[in-house]
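For reference, the structures are reproduced in the following blocks.
What follows is a pair of complexes built around chain A, which joins chain B in one and chain C in the other.
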Partner chain A sequence: MGLIQIGASILTALLVGALTRGTWRTYALLALSVLAVYWFQPVVPLRSFDFWLPSLSLALVVLVWFITSQISAWKSRINFIGLSIIIGLITLVDLTRYIFPQPFLTGTTPPQFIQFIVFVLIVSLAIFAFTYLSRNNVWLLSLATIFLLSILFILKSPTLSLQASIFFRSLANRPIENASALDLRWLGFSYIAFRLIHVLRDKQLGRLPELTLPEFATYVVFFPSLSAGPIDRAERFAGDLKKDFSLTQDETLLAGQRIIIGLFKKFVIADALALIALNDALAVQVHTTGWMWIHLYAYAFQIYFDFSGYTDIAIGIARLVGIKLPENFAAPYTKSNLTQFWSSWHITLTQWIRAYFFNPFNRWIRGYKSIPSWTMILIGQLATMLLIGLWHGITFNFILWGAWHGLGLFLQNRWSDLAKTRFNINNPRLQTAMQLGGVLLTFHFVALGWVFFALSEPSLSWQVLSVLSGVSR
Partner chain B sequence: MRKLILLSFIIISAPALAACGASDADAPAKAVESYLTALVEKDGDRLPTLVCGDWEADALIELDSFQAVTARLDNLACSQTGTDGETALILCTGNIIATYNGEDQALDLSGRTFQVTQEGGEWLVCGTR
Partner chain C sequence: MQNKPRLFAVILKATLLFVLFNFAFIFTDNLPLGKLSLYNNIFPGRERFPFGETRESYNLSLFDLDAMFASHVLAGTTKTSNEYRVFLIGDSSVWGTLLTPEQTLAGQLNVNPISACGKTVRAYNLGYPTISLTKDLMILDQAKEYQPDMIIWLTTLEAFPEDKPFESPLVANNAERIRDLIFKYELNASVKDPALNYLSQQDQTFVSQRRAVADLIRLQIYGALWASTGIDQIYPENYERAQTDLEASDDFHGLTNLSDALAIDVLDAGMHAVPVPTILVNEPMLISNGLNSDVRYNFFYPRWAYDAYRQQIAELAAAQDWHYLDLWNLVPADEFTNSAIHLTPDGETLLANKLAEAIRSTCK
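Our next item is the complex of A and B:
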């Protein structure tokens, strides 16, 4: 989100918070979120994809709602209105090509109306078929999850993204030489997919409460958290929507304070640090140990202020409309061990992975009695952190970053167990010194991990690590 | 409920009807204007969506030639001067003002005719003469 989009989001949230009540607030938020899906989507070099990708996001939202909701809910007035708002607004976005001389809401001119009608028919047929089949086949929920994961896998893998771009270019008779892995920049899909998978999985486990389509769709594509999270839980979000809310002066001030802090973090601190933060070019150019540490520190703080700034902005805007989004950061660089760090960095992603991967995986692996417990811990931590690494992108460097943290968590786990039995420190000064040492050690471990995260190639990372350690100049 | 459905129908059908009746006689000229705008804005993502497949590589080369300068359009106006088979021929007036090191250089647009063809219902710039 740029400053204009943030400004417009604040203004519209203020209007919705001040002027709407009850169900009308949900409708207004749904409408704004649907429009934001198109407005926030960046232009991509494939023609009309900045219309098709957001349309597919919304189609997936509607599809997942139909296969996870009760048949009796389909005919309710509120769901009919919700569906009308979604289809009506998508249609209106497409029709803007005939109304405005320049693209409006989308970066490029939307496709012709006839193409849009064909798209709606195909999506309707797919939803109908999937919904009909899912009534008697619970495995279709798993199939939907696999489908979402497959799209995510393609988008996160540079090789597969490139192949997908070549495929779409071939279909459209475009030169494939200009294809790039960055051609398919699908805004917010990582977050949309994780929200949808959470709903599908909870439905399978029988713990998903009944949600109306407007509640469900607003939850998945809620405009403040569309591009950078946090990943809320559907039932918690719907609970906020159902609450009676009126925007008070105090609430406005608190939200405003949060937004201003977020803007300062993102656009002043993070953007300033970005000028000297570690990147591929600096990795090659800098040969001095001291300077390399400065660039690494700058990156560590830049990524924190950038991401937590966006989160503050999202939480602040959401607060204006009565939604209390979960926190994503809790002073992570002040934590004295890696487990605490991961409980305070990108909290909602970590909780998601813990709920839908780490805990089930641990339960499964504990079934194998012959495996020693330390091996189970190692496998569990490594697998979880590798998954978090892969969520950021399927590249060697993200795998190395995940492995770095997985091993770090394992070593910290072993050390904690050992320290509990061997050492009993009662001296308060020593405890403070240990705490401080833990904070410094954890921060530097995390900072060294960013060397893999920030750079594109393992060779560059090794080069930077050798300069940082003073081995090479 | 009925009022809401009626309102939705009107909201949707009004632009749809307008779309059916809309003339796209100046669409080829607008395609060239969009192309030139993307060019001076150095918008490498939008530019390929405005040109035909055969000319995409040339368009990106033209875009590269503007990378080192600041560019803007001055008094741009495009109109169709004729056709050549299914190709619309577009002539533009005005200039691209390219600024390098504080010095302006005007590139006259009237010196070349843009060829615009229709692909999948869209008018796309497909070369110059």
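Our next item is the complex of A and C:
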């Protein structure tokens, strides 16, 4: 989100917070979020994909709602209105093609209306078929989850993304030489997919309360958290929507404070640090150990201030409309061990992975009694962190970053167990020193991990690590 | 119990403070903010003036001459009794487009130090990539406070036409300085030229000056990248070579002859701006042998105009007893890069050798 989009989001949130109540607030937020899905979507070089990708996001939202809701739920007034808002606004966005001489809301001109009608028909048929099938088939929920994961897999894999781009270019009779893995930049899909998978999984486990379509759709594509999270939980979000909310002075001040802090973090600190933060070019241009550390520190703080700044902005804007989004950061660089770091860095993603992967995986692996407990811990930590790495992108460097943290968590776990039994430090000064040492050690471990995260190739990471260690110049 | 802040009061106070700050910023106009620099303090000074348009060059163009000088290594170098300080003034060919700092004219003169007046010559690159005599004069006028022992001013015909004396953005956006120069050196230019961008009080508020402030901050941040990489421009592996097949046109700024069309007054002012030996150099240029090379020497110049210019400057230099070097054909055509005045490292070596001789001969 750029400054204009943030400004528009703040203004519209203020209006919604001040002027709407109850269900009208939900409808207004749904409408704004649907429009934001299109407006926030960056232009992609494939024709009309800045219309199709957001439309697919919304189609998936509706589809998942249908298969996780009761069969005739859509007939209720609120759901019917919700469906009408979504379809009506998508239609309106497409019709802007005929209304405005220049693209409005979308980056490029939306497709012809007849193509849009075909799209709506296909989606409607799919929804009908899935809804019909889902009556007695729990496996359909798994199928939907696998489908979402497959899209995520393609988008996160540079090779598959490139192949997909080539495929779409071939379909449109366009030259494939210009195809790139970046052609399929689908705004917020990582977050949308994780929210939908959470709903599908909770439905399978019988934990999902009945949600109306406006609540559900607003939860998944809520405009403040669309592009950079946090990943809320559906039932918590819907609970906020159901609460009676009116925008008070106190609430506005708190929200404003949070937004200003976020703007300062993102657009002053992070953007300034971005100028000198470690990147592929600097990895080969810098040959002195001291400067390489400075670029690495700059990256470590840039990524924190950038991400946490966006989170602050999202939390602040959401507060204006009565939604209390969960925190995503809790001073992560001040933590004295890696477990604490991961409890305070991208908290909602970590919690999601813990709930839907780490805990079930641990329960499953504990069934194998022959495996020693330390091996179980190692496998559990490694698998979890590799998954978090792959969520960011299916590349060697993200795998290495995940493995780095997985091994780090394992070693820290072993050390903690050992320290508990071997050491009993009562001296407060020594405790403080140990605490401080832990903070420094954890920060530097995390910072060294960013060497894999920030760069595109393992060879560049080795180059940087060798300069950082003073081995090469 | 602490009183709760009221929304209206917070917004009102914030607005008032901002408005106050915005207008108070007008009074910083007379403060040399640009002289506050991390260069030569935390970061090493730059070997040439900041200039660049892309982030990858770790450099940027700005209009604050104080900041440009403050970021230059010159500002952080104390002159020793053994230093013979030579300033090289000129355009992008002196600044060194596509050349590393060591490959530039100043860099090559410093690699193998020469002696003059019993001291060691230290050359400073004060070139700036726009072709303008007025810009050169402005830099020269500012540079004289840094104790030069010699000025070498490299220029070319394109800097002379009087039709657009303030076309260079650096000149246009330093209107106050240019006005002072016009009065100080009695130049034949109008202080009311619309090309000069004078700042009204409104233009000096923080809101109006936010770009300049941001540039100043960015320049300081880029200091870290300059310090860690030594890079201050992009060096593309491939670039388009200077044009050798030329148009059949013999037009030069719409002129039919050069008499009274060249800014000789600016040249004269520059030659007398600093009371130290000043060498005027007609810089080397590409002499094309491609299509229509009988009409034009290169992209910039038709033959008639350039020949007339050389003759006029040579006569003027002789009449004024200036130390003048006409090196127009010193460098062979294959030693030019992406422009008819940009030299390869080897081309720079040829020029540096010539200038080294000139420096030595000026003060043995």
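List of remarks:
The rule is simple: the second predicted complex is superposed on the first by the 472 of 473 C-alpha atoms of A that agree within 3 Å, B and C clash if a C-alpha of one lies under 4 Å from a C-alpha of the other, contacts with A are read in each partner's own complex, and residues count from 1 in each chain.
By our rule, a residue touches a chain if its C-beta (ideal position, glycine included) is under 8 Å from a C-beta of that chain, and two chains touch if they have at least 3 such contacts.
On a predicted model such as this, the values are computed, not experimentally measured, just so you know.
By the touch criterion defined above, A:L436 reaches neither chain B nor chain C. Of the two partner chains placed by the overlay, only chain B lies in contact with A:Y98; chain C stays clear of it.
After overlaying the two complexes on the shared chain, residue contacts for A:A129 are found with neither chain B nor chain C. Contacts of A:I81 after superposition: chain B is touched, whereas chain C is not reached. When the shared chain is aligned, chain C comes close enough to touch A:T252, but chain B does not. Contacts of A:L19 after superposition: neither chain B nor chain C is touched. In the superposed pair of complexes, A:L46 makes contact with chain B only, with no contact to chain C. In the superposition on chain A, contact is made by A:F113 with chain B only, not with chain C.
Measured by the number of chain A residues touched, the leading partner among chain B and chain C is B. Residue ranges of chain C in contact with chain A, taken from their complex: 4-7, 10, 55-56, 217-218, 221-222, 224-225, 227-229, 231. Residue ranges on chain B touching chain A, taken from their complex, read 1, 4-5, 8, 11-12, 15-16, 18-19, 22, 30, 34, 43-50, 53-54, 56-57, 60, 119-122. Of all residues in chain A, only 249-250, 252-253, 256, 272, 275-276, 281-282, 285-286, 288, 291-292, 294-295, 298 touch chain C in the complex they form.
Residue ranges of chain A in contact with chain B, taken from their complex: 42-48, 77, 81, 84, 88, 91-92, 95-99, 101-102, 107-109, 112-115, 172-175, 177-178.
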